[in-house]
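Two complexes are shown next, each including chain A; its partner changes from chain B in the first to chain C in the second.
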Partner chain A sequence: MADSMAQVSRSRDLDKLLLRHGHLVGPNFEPGPDLRDDLREYASVLVVGAGGLGCELLKDLALSGFRNLEVIDMDRIEVSNLNRQFLFRLGDVGKPKAEVAAKRVMERVAGVNIVPHFCRIEDKELDFYNDFSIIVLGLDSIEARSYINTVACGFLGPLIPHRVRLKRHMTTWQALRPKYNSDDNPREETIKPMVDGGTEGFKGHVRVIVPGVTPCFECTIWLFPPQVKFPLCTLAETPRTAAHCIEYAHLIKWDEVHSGKTFDPDNPEHMQWVYSEAVKRAELFGIPGVTYSLTQGVVKNIIPAIASTNAIISAACALETLKIASACSKTLSNYLTYNGVEGLHTKVTEFVKDKDCLVCGPGVLMEMATLVTLREFISLLEDHPKLLLSRASVTHRGKNLYMQAPPVLEEMTRSNLDLPLFDLMDKVPKDVVHVTGTTSKSDKKASSLRKLRIVFKGVDGVTDMDTAGGA
Partner chain B sequence: MVKLDKICREANIMLIFARSYGLTGFVRISVKEHAVIESKPDHFLDDLRLNNPWPELRSFAEAIDLNVPDPVVHKHTPYVVILVKMADEWAKNHGGSLPSTREEKKEFKELIRARMRALDEDNYKEAMEASFKVFAPCGISSNLQRIINDSCADVDSNSADFWVMVAALKEFIEGTGEAPLEGSIPDMTSSTELYVTLQKIYQAKAEADFLVIQRHVRNILNRIGRDSDCISKTMIKSFCKNARKLTICRYRLLEDEFNSPVQPELQKYLTDEDYSSIAVGFYILLRAVDRFAANYNSFPGQFDGEMDEDISRLKTTAVGLLGDSGCNGSTLTEDLINEMCRYGAAELHAVAAFIGGIASQEVIKLITKQFVPMSGTFIFNGVDHKSQLLSL
Partner chain C sequence: MIRLFKVKEKQRELAESANGKAPIKKQSAGELRLHKDISELNLPKTCSISFPNGKDELMNFEVTIRPDEGYYLGGLFLFTFQVSPIYPHEAPKVKCLTKVYHPNIDLEGNVCLNILREDWKPVLNINTVVYGLYHLFTEPNHEDPLNPDAAAVLRDNPKMFESNVRRAMAGGYVGQTYFSRCI
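Presenting the complex of A and B:
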């Protein structure tokens, strides 16, 4: 009884927006009790990351009318998280963030169901991500954003089976039909909107990504400046700052002394070792300022986190998620920056899509002969200038053609390697395949997923590029 | 609000208003004066005095030969030295003046380039990139000029410590034409030895400037009849280090803003098509709903079934409020009035969390006296996020 009272009062305020007509709303806004109920029943939101932003996001979404939430995070709770990741208590240290966060929000907000996933984002099947209406990102890494972005953009196109959720009201972006100059117009329900938040000190950003419609993460990757790296010769020969001494201990001295042992930034003994080496080096060169906390900051590349910035950015993300799902107001178009260093500045920028984007664009076109085997195809990917993808796994229409891992799947698909790709793709003249593998950019390896448009030479039906394969 | 504001102002208590209303809301700080020493701006020109070196820096630079034959030494000469020497050389050849026209600046850069012996000399590349620091005007910024000219800088026994230090700074600037040296230098390609020596030269000058300021502070404190040691050394040091970045925030009483808003600003917002017309619309409407509630005992759109009546009542209220603010003839769009009634005083969690987050962010800045708090009234626009600060 008390619970249902709480339900009524909880939805009372939200109802004003969901039940009433308005003039400043999204396209195809259909207010009414059905909208509210659909939001509860059919809308499912995945929160990626259960840290500073993730804790806020789960709480905000749970209190914004959503009932089906899931959260994925590979980390365990550390003492240093407790100052801002408010769902965690001292006794939770060492437990998985996703599980504790889900439990705490469910305890507090009746009727909400949150499924935690304590694993790496790469560990999940692609289908896992396909089941959500909206994916919200509360991450601090560019690599992780890139990965989720690629997965979500990979669903674009008419070819992947998709379970449609929240059919009636997922309409905001459906009205903005993406126009490709290619053969595969994305079916509207394959569009997987993302809301991405990020903070750094007193600054933050929120962006809405509707793959195929608004620029994806990769289209505007230049927004993230490359990390400052010191030339090795400076570290080795002419150190000038405390950071130089720390990086010397971390990048050069460690390997000299501990040959073969990998440095683990989460191991306090390793960190202590780097710190004391950095101190010695600093004394040798008369450089001031090496402290333990600076050592941690430099080595882990720690960005200071402020609870209130996380609150602001997460709240804006949750609001956008609500607006995308319900069309109860216009959506952010498409990038909001917040800066509270000097006064308060917010700015909305409308970025444009890169039509040649490797991720949300129509895909890299590869023309090949029908006789090319899967093994040959995989080695082609390594040399392709736009891909440079090694150890690739290949899927076609959700079917695994070849998987590098796990061993069971590798064994099952190994026999495909010597078959022609054309045969494996059911002898269609042209189609989209997805490949995942490793790319190395400036010595840094990253897993990446790419969409390819394969066209077989000399097969009938490839003449009309613009009509085949459409909806 | 107005009453609370007056009480807090008299008791000298910081007050922050925060309100969440439908898809809008506002945050407004109210405090008579907030002085920030550690304003920590993101981008601020470092204080290197390349075009106005003090004797120690000059003689250090003079002792270094840019034409040194050893290529390793040549590529490890810090750009500060290169620029000090080349600015000096230029001044000698140009009757004491520095590059000022675009052509001269270009020529100056080319002179640096000509000194490069190999393409991998990062120190010369840095010198070219930093050459604009040579062209920067000497002396203090207009912002700092305004602060030392402020009437509060005429101190008496009731003056705050901050203003006592400003008075000392004023005496310092009147004597030297410059603010005290900051003392830190950015990282630059250099041999460790030259870099560390250079660091020490800058630090020594900063320390000397600090001692002068400290002496002024002690004298002023004596003069106004306060204990000459009542401002700590650490405080004065921090003040000197940040002297060029001092920031003063002042906030009008809410009553003054309501009764006599800054007309040119208000007119500007009202006529701006893109950004601020919605923000100022929400500003007026957020005040209008309170007047509405005082008259009709409920907020517009609070109850279903009275929408049409509420819309026209809210419109009348808003027009009245605009008239009181000196904007007769101005109106707000029907869409916005409609929207405000749709909200019916609803408090959405996400909006409340956003507004609360902004308010806490400002509280952190006010309490720590670091970074610069917002000025004016922040109006949240949750429709398309084109929120705005209004200076009224």
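Presenting the complex of A and C:
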């Protein structure tokens, strides 16, 4: 009895959102204790990154009523993390972040289960990511965001081969069910929502990505400012700032001295070497300001992290996650920026989807017979009203089926031209291919890269499944 | 979406026994863009490209430049290109594998070409970079030196620079530095 009372009081604030109706709620919101229970039982959330944001996210999500959490991070705890990654203690230094973070939150929040994964995000099978209801990102790099985004958007299209995922006990109806409806909108059950948080010093952002519905990470990647890169000749000849001296040691001097050995930014000895070389160079040119932490900052592109920025951004991320799962309120549409440098400024911007996005766009649907050769397929692209693509090169999941240029690749792929496309695509009933070529519209020629959804006529998902073993 | 999650969770339990996963190669947006760049390459006859890791591994490749005019006429220069998954947000990393006596290329193979660093823009492509590299051989530039000795000689005594280049390319010493033959 006392136990259940404690439960009620712990979720009191949550109950205000989940048990009552309101005028700002999302579609299909059904308030009530069932919703709260279902959230505990059926919603599973992956937190990517167990660093500054990740620690906050795990705590916030656990306290927001989510019970099934997993966390993935490849890093180990460093002393310099301890000021803001509050789940870690001095004695934890050297241990995997994911494991310690999971353990600490489970100790403090009764009933929550957190599974840690101490590995790189690329090490996991794609299916691993498909098992979560929502993916929350607490990352610090464009690469990692771009990767998870590609994976999550990949579940929209038939990138997962059906003969692998759907087994005999599933009905024909399930196996053949298309992932897009007739208007090229993705089916709701294939959508993997993401909530992306990011911080840099006193600035941060929160972004809700519902693949196929709101713009994905790749739709707007061009908005990122280019990284500052100093001209090599400035570094070599006329350094003017402390950063120039550090980059000189890092990019030029390192190779001169350690020929062949790659510089590892996570190796303290390497960093120390770069630092001392940078100091020598700064002395030579009379430039002040080279410090060890600046060296780390320049080489690893680090801007000092602020604990409160992480806390604010994480809170907004956790709230969006709760909103997506429960529909207790409409979600952010779709990009929030936070700036605490001077006073506080925060704003929500609605990014627009790129309808031809290679990652989240539906692609152009093409149905064809299994006997169509690659050569015939390429000429079909020229006449297709939505494409009008001539001189096409074709790639399928990292396999280059035909390349128009350069001559060396054209020669290597030429023999594919007379093979059926179906065979070249490993006899999957449907899949995505990418084509590049030239489009001409009213005499104007432009190069273009397009995503296509190929469906082979007369290939039944079930029969294919049955013959797959013998192929 | 909780109702949906509920349905999916039940389906997942059903499908749990299904395994035998095929390793799937995930193609990044960067790879696709690079595929486009490569399939549209239109190189001058002095430049050629090769893919040491086969036709399906485009992210690492080599470019050979054989200048047909200028100081470096007849030389053969090999460059490696490393392209990141977030290309073209980030410029390709280019190194010169052939040791060369050149004002804008140091003895470690670092190349000072503005479009590879401070002036890189996502609208540029592999073709532009290769043309830029080729340009370095037809018009070496003493104003952006990465090899200051070579730059000073080019500026003060072009005749001597020319003979130094010939000596280096034929295989020999320029000052204290030995260059392997690359003709």
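Please note the rule applied: the second predicted complex is superposed on the first by the 331 of 471 C-alpha atoms of A that agree within 3 Å, B and C clash if a C-alpha of one lies under 4 Å from a C-alpha of the other, contacts with A are read in each partner's own complex, and residues count from 1 in each chain.
To be clear about the criterion, a residue touches a chain if its C-beta (ideal position, glycine included) is under 8 Å from a C-beta of that chain, and two chains touch if they have at least 3 such contacts.
Quantities reported herein were computed from a predicted structural model and do not represent experimental measurements.
*Asks:* Once chain A of both complexes is superposed, is A:151 in touch with chain B (first), chain C (second), both, or neither?
*Replies:* In the superposition, A:151 contacts chain C only.
*Asks:* Where does A:319 make contact in the superposed view: on chain B (first), on chain C (second), on both, or on neither?
*Replies:* first
*Asks:* Check the residue A:417 against both partner chains and state whether it touches chain B (first), chain C (second), both, or neither.
*Replies:* neither
*Asks:* Check the residue A:368 against both partner chains and state whether it touches chain B (first), chain C (second), both, or neither.
*Replies:* neither
*Asks:* Look at A:459 in the shared chain and tell me whether it touches chain B only, chain C only, both, or neither; answer first, second, both or neither.
*Replies:* Neither partner.
*Asks:* For A:380, is the partner it touches chain B (first), chain C (second), both, or none of the two (neither)?
*Replies:* So A:380 meets neither chain B nor chain C here.
*Asks:* Touching A:142 in the superposition: chain B (first), chain C (second), both, neither?
*Replies:* Only chain C is touched by A:142; chain B is not.
*Asks:* Which partner does A:93 reach: the first (chain B), the second (chain C), both, or neither?
*Replies:* neither
*Asks:* Give the label of whichever partner, chain B or chain C, reaches more residues of chain A.
*Replies:* C
*Asks:* First (chain B), second (chain C), both or neither: which does A:60 touch?
*Replies:* Touch status of A:60: first partner only.
*Asks:* Touching chain B in the complex: which residues of chain A?
*Replies:* Interface residues on the chain A side: 12-17, 20-24, 56, 60, 63-64, 202, 206, 234, 238-241, 285-287, 306-312, 314-316, 318-319, 322, 329-333, 336, 340-346, 348.
*Asks:* Under the definition above, what is the set of chain C residues touching chain A in their complex?
*Replies:* Going by the criterion above, the answer is residues 1-9, 12, 14-15, 17-18, 20-22, 24-33, 35-36, 38-43, 48-51, 54-56, 58, 84-86, 89-91, 104, 106-112, 114, 117-118, 120-122, 144-146, 148.
*Asks:* Chain A touches which residues of chain B in the complex?
*Replies:* Touching chain A from chain B are residues 22-23, 39-42, 76, 187-192, 195-196, 301, 307, 334-336, 338-339, 342-344, 346-354, 356-358, 360-362, 364-365, 371-375, 378, 382-389.
*Asks:* Contact residues on chain A for chain C in the complex?
*Replies:* 28, 35, 38-39, 42-44, 125-127, 131, 133, 142-143, 146-147, 150-151, 154, 159-161, 164-167, 169-170, 188-189, 193, 218, 221-222, 224, 226-227, 229-233, 236-237, 251-252, 255-256, 259, 324-327, 358-359, 393, 395, 397-400, 403-406, 408-409, 412-413, 434, 436-437, 447, 449
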